[in-house]
Amino acid sequence: MISISHVSKAFARRDGPVVALDDVSLHVAQGDIYGIIGYSGAGKSTLLRLMNGLEHPDQGTVTVADTLISAAPERALRAVRPKIGIIFQHFNLLWSRTVAGNIRLAMQIAGTPRAQIEARTAELIRLVGLEGRAVAYPSQLSGGQKQRVGIARALANNPDVLLCDEATSALDPETTDQILDLLAQINRDFGLTIALITHEMHVVRRICNHVAVMENGRIVEAGAVSDIFANPQSAVTRSLLRTLPDDSADAPNRLVLVYRGAVASEPLLAAAIQKHGLPVTIHGGRTNKLADGPLGELVISVDAAPEQIAAFVTDLNAAGIEVHDV
Amino acid sequence: ASADTLRIGASPVPHAEILEQAKPILAEQGIDLEIIIFQDYILPNTALAGGDIDANYFQHVPYLTSVLAENPDFDFVNAGDVHIEPIGIYSRRFESLQDLPEGGRVILRDSVAEEGRILSIFQREGVVGLREGVAPVDIRISDIVDNPKNLTFLPDIEAALLPQVYFNDEADAVTINANYALGAGLDPVADPIAVESATDNPYANIITVRAGDETRPDIQALVEVLHSDAIRTFINENYKGAVIPVELQ
Amino acid sequence: MFETLLPRVDPARLWQATLDTLYMTAFAGVATMLLGLILGALLFLTSPGQLWANRVIYGVISVVVNIARAIPFIILLVLLIPFTKTVVGTILGTNAALPALIFGTAPFYARLVEIAFREVDRGVIEATRAMGGGLPTILLRVLIPESAPALISGLTVTLIALVSYTAMAGVIGAGGLGHYAYLEGFQRNNQQVTFAATGVILIIVFAIQLVGDRTTRRIDKR
Amino acid sequence: MFETLLPRVDPARLWQATLDTLYMTAFAGVATMLLGLILGALLFLTSPGQLWANRVIYGVISVVVNIARAIPFIILLVLLIPFTKTVVGTILGTNAALPALIFGTAPFYARLVEIAFREVDRGVIEATRAMGGGLPTILLRVLIPESAPALISGLTVTLIALVSYTAMAGVIGAGGLGHYAYLEGFQRNNQQVTFAATGVILIIVFAIQLVGDRTTRRIDKR
Amino acid sequence: MISISHVSKAFARRDGPVVALDDVSLHVAQGDIYGIIGYSGAGKSTLLRLMNGLEHPDQGTVTVADTLISAAPERALRAVRPKIGIIFQHFNLLWSRTVAGNIRLAMQIAGTPRAQIEARTAELIRLVGLEGRAVAYPSQLSGGQKQRVGIARALANNPDVLLCDEATSALDPETTDQILDLLAQINRDFGLTIALITHEMHVVRRICNHVAVMENGRIVEAGAVSDIFANPQSAVTRSLLRTLPDDSADAPNRLVLVYRGAVASEPLLAAAIQKHGLPVTIHGGRTNKLADGPLGELVISVDAAPEQIAAFVTDLNAAGIEVHDV
């Protein structure tokens, strides 16, 4: 779907050129959700902007849906762009249009019939959780609300390809998850191909099947998410992976073990497991260095009789571990 | 040398052009004539009263009289008559003012000082009747009391544009000052259908100065030069009857 | 009231002059707005670094616009006589003044339009292009609405300049308040006329300014 | 060259007229810029919703600015005679024309300044206030630099209007190209003078436009 | 240091007012790093803007460093503001100034001597990792680079109070950590008080000692971070906490256990612990639902002899668990 081949791009500056992309190649297949991660200034936004021809490469080619974007005249680009949605890092909303007006614009450009526009606009506003704010102007919105308008606008024309530049960076985790679920669903139902820049690993983990890691204008690592996550090769990737949160909190029949301070570093759970001989599954957990000392949390489930579990919990409590039953 | 500088305000045509001819002659007499061109009829007198200029040359006696009446603080005198510009009335459609049709349109220049002067020609030709007892210079279109042809007078057009108005046949009759007619290639003596008479014409353009200055040697020198044969010849040859030097007593 | 306060002012003539001024301002104003928008858009779009960047077209429009702005009004009037004669049928009166008024002020507004368009956020134009928007979309749906406050304020400035500009159209018998003030008031030393005509001009100017300011503030959603 | 190409043009007079125009444009231009910036800043700052929002001051400045813009030039000239006489010492010549030229164009530039300031991103002004920046800081370090491209383009427009405006100053013997074209060229039916004078006006206008455009593009870092 | 007491604030809108803050009270002590979290549109930015008087409350009072901000005239505000740094959600950089110029502005306003300004500017540019970009204009910077300029500018005057509105939302985790470490250090060394809006729990966890959770213009929960984290009361807080990443990856002598697919859900580790009877400390871990199935990771350390550990690892490997030694 998106084929980037040996692309380089430099920006002229007073004290010499800044190389934003350096011999980058990337292939996004139809239906992929392709994550692009990397440090600030790595060239992610520049790479994304090549994919709809907003920027042209100095060298190399960019092909999207069989159109040679890197060499297409503006007229040809205009024809394919309504099918390539983009969410900008800085939103780029029209201040002169309301929430609804901004969303409508995309459809007006695509020549959607008026009646359809109205229905779709209302639907999109609901999807991004801005009900009741349809007539607000961007200046009356919070940062995250603006970003959601940008998301709705990019989805308006049911694009085949969606380019997201930090599409959820201004959103709280709950809203982020809703939006990501929405994207994943469109991807499943309609085969939407997504290229997605983010600096949040959990976004990659949650919906991407492929990921490319960028550093200094180069792709240092790329491949299936499970491969990269299981076996990170580069220092960048390893460093980025360290920030992943945990999914296990929604495991069924779970117990949450919380231990504070000194307790955190001792092998108390192991001791209890040995003593009771129970089949304990450890779903996940974390040790957090808080300002006032470490705080540990483990999520486990125990496949045993209630009285066995109760004894196990009593022992844990005696050792200074709080156990919450959720 | 600056003591010998004589600053004179003048209308552009023909006044300033005539003064330009006088300039080298005065220079020989050690007088530096500085010509300041004015496009209106108010500021030259304001400037004269304020001492910004020593003399002006743009108005005729009837106009000066009415200005003095309205501005008691002005104390000006006539230092000498110079020339007369008979106004001509032109038409591409008719041969004389009497031929003008019922409801005809006549275009005048936008100079209030000349409205009465032009209307007097129409009165002379018997086309309109004017209110009795109004000084010629104060006559306005509103002073027409008898207008059998029901002529319309349109008094708002810039004088320099009037030849264009004539060539474009915009009205039944157009008044054109002789100098502009000349510039546009018209013959100000032969072409008009009616001309102001040059004799007994009270509208001689004068050199105006503050009272008392008329005896200043440089002013007298100026008037003398303007009355000289050289200047009279220039006027006659250059303006071909459109501008006529005054008769010298 | 008039007779007692300003006995030397003829109300009928003042009214006629007001109508003339309003007529010329309104008519030339609308034309100036349209022509100015078109020329301004062309100037903006063809200027270096913009969507249609084109040295030649930019150069030509720039020349035409600058010539029209630089030539003294009366000379412009004379130059336009053949055109005026053909289009309007006469070279005298309020209608004949319109071409010169429009040619004199439209280029001026065109420059203000160009400046206003240049203030529009590049990111927004980029977003529109990314949605597949072509020139008509960018112009009508983005540039104009996004720069509307500046366009309206610019139009206010232009219209007020136009009001005082109409005074010069008096030389071809177009009438109007400015000419009335000059001819009847100034030339004839009739202060009451100068005062009355200038007063009406001021009222018109303030009305324009007020409407312009209100509109600007109402549509500015930043 | 002159004698053969344009025998009816007196090069010395053309040169003098050019100098007069340049002198008036430069002098009145600088004054217009300063006065316009001050008035424009006051208009912006005192307008509703802004830092110094003040109906009364805004109203007063608005009135003064509008009056100066609306009055026909010659009437402005007459009204200013006492002032001119006091300040300049004479009511004739290029220097005497300056007050009327400045009073005629500064308000105009003031409006363009106001418009330019209104386009400055509110967030940036807010950030400056949050850093403890007072009015001088906001004006000199934020409003002016951030709106510099629009200020310069606006100045270009104003200067060009000023060039053609100087033609009117001819009525008090201020000379200049426009007046020269009108008097010597048009009134005396000397097309060569009209042509030559208009040509020089165009050269000046293009020079202003070129410098303005270049500067605008150079300082625009958006 | 910052005292907000019964503050309310509504914005007028076409279809009635939007209540952004509803009877909010908050106390930030000198030296606190106070996190404010909540969903998009909860009123976080509005609350922050009250703290330097950019916005005035409809009701209630705001006091910062003994100045009654909510009622102070602009002149008084000008005096205290240089000591209240703020990092804006949308950066608010001057496009007409370079990176260095933008940073300088804050010091110019505070009246810092010129020589000092130059030295401090260079220092700040280094601190935020923008060496070599001092003469770049904002339009030539990436999103994260712009944000770092905003951070440097806010720190320029060595403020007593720092207000951060999503100060690291455009930054990759590595840069985020650097910036947070920097803030924590300034807080330690100079007693800088920080109020910090974020939607990233790990930011709160990493540097805050107090946190307030907002929802719909109200503070639903506030207190010490360890209390709130250990015992979240509200649904919002619990939901936000689910996104916390794990700190344990830097524990010493650790083993990383990776298990994929079906393996993830079985109590394999517990079984191995029972069999070998080793004191195993579980530092943390996570189970991630990837697009192609679950991926689990646990970080443990085992206090035992090398050959015991080797046997333990062999058993784990046999059960399908990859073990990495770091």
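A, B, C, D and E label the chains in the order they appear, each numbered from 1.
Convention: a contact is a pair of C-beta atoms (placed from the backbone, for glycine too) under 8 Å apart; a residue touches a chain by one contact, two chains touch by 3 or more.
Quantities reported herein were computed from a predicted structural model and do not represent experimental measurements.
*Asks:* If you take the chains that touch chain A and keep only those that also touch chain E, what is left?
*Replies:* none
*Asks:* Under the touch criterion given at the top, what is the topological distance in steps from chain B to chain E?
*Replies:* 2
*Asks:* Which two chains have the most C-beta pairs in contact?
*Replies:* A-E
*Asks:* Using mean CA coordinates as chain centres, what's the chain B-chain D distance in Å?
*Replies:* About 36 Å separates the centre of chain B from that of chain D.
*Asks:* As a quick test, compute the distance in whole Å between the mean CA positions of chain C and chain D.
*Replies:* That pair's centroid distance is 17 Å.
*Asks:* Quick one: report the Å distance separating chain A from chain C, using the average Cα coordinate of each chain.
*Replies:* For chain A versus chain C, the centre distance works out to 52 Å.
*Asks:* Between chain C and chain E, what distance separates the C-alpha centroids? Give it in angstrom.
*Replies:* Chain centres of chain C and chain E, defined by C-alpha means, are spaced 55 Å apart.
*Asks:* Can you list every residue of chain A that touches 2 or more other chains, as numbers and ranges?
*Replies:* In chain A, 90 touch at least two other chains.
*Asks:* Going by the contact rule already set, what residues in chain D reach two or more other chains?
*Replies:* Each of 74, 78, 186, 222 in chain D touches at least two other chains.
*Asks:* Would you please write down the residue numbers of chain B that are in contact with two or more other chains?
*Replies:* Residues 40, 42, 160 of chain B each touch two or more of the other chains.
*Asks:* What pairs of chains are touching here?
*Replies:* A-C, A-E, B-C, B-D, C-D, D-E
*Asks:* Residues of chain C touching chain B in their complex?
*Replies:* On the chain C side, the touching residues are 74, 77-78, 81, 85, 90-92, 170-175, 179, 183-184, 186-189.
*Asks:* Report the residues of chain A in contact with chain C in the complex, numbered from low to high.
*Replies:* 52, 54, 77-82, 84, 86, 88, 90, 92-97, 105-106, 108-110, 137-139, 153, 157
*Asks:* Inside the complex, what are the residues of chain D that reach chain C?
*Replies:* Touch list, chain D to chain C: 47-49, 62-63, 66-67, 69-75, 78, 108, 111-112, 114-116, 118-119, 122, 149-150, 153-154, 156-157, 160-161, 163-164, 167, 178, 181-182, 185-186, 194, 198, 201-202, 204-206, 209, 213, 216-217, 220, 222.
*Asks:* Write out the stretch or stretches of chain B touching chain C in their complex.
*Replies:* Going through chain B, the ones touching chain C are 40-42, 67, 70-71, 107, 110-112, 154, 156-158, 160-161, 164-165, 168, 170-171.
*Asks:* Hey, which residues of chain D end up touching chain E in the complex?
*Replies:* 121, 123-124, 126-134, 137, 141-142, 145-146, 148, 219, 221-222
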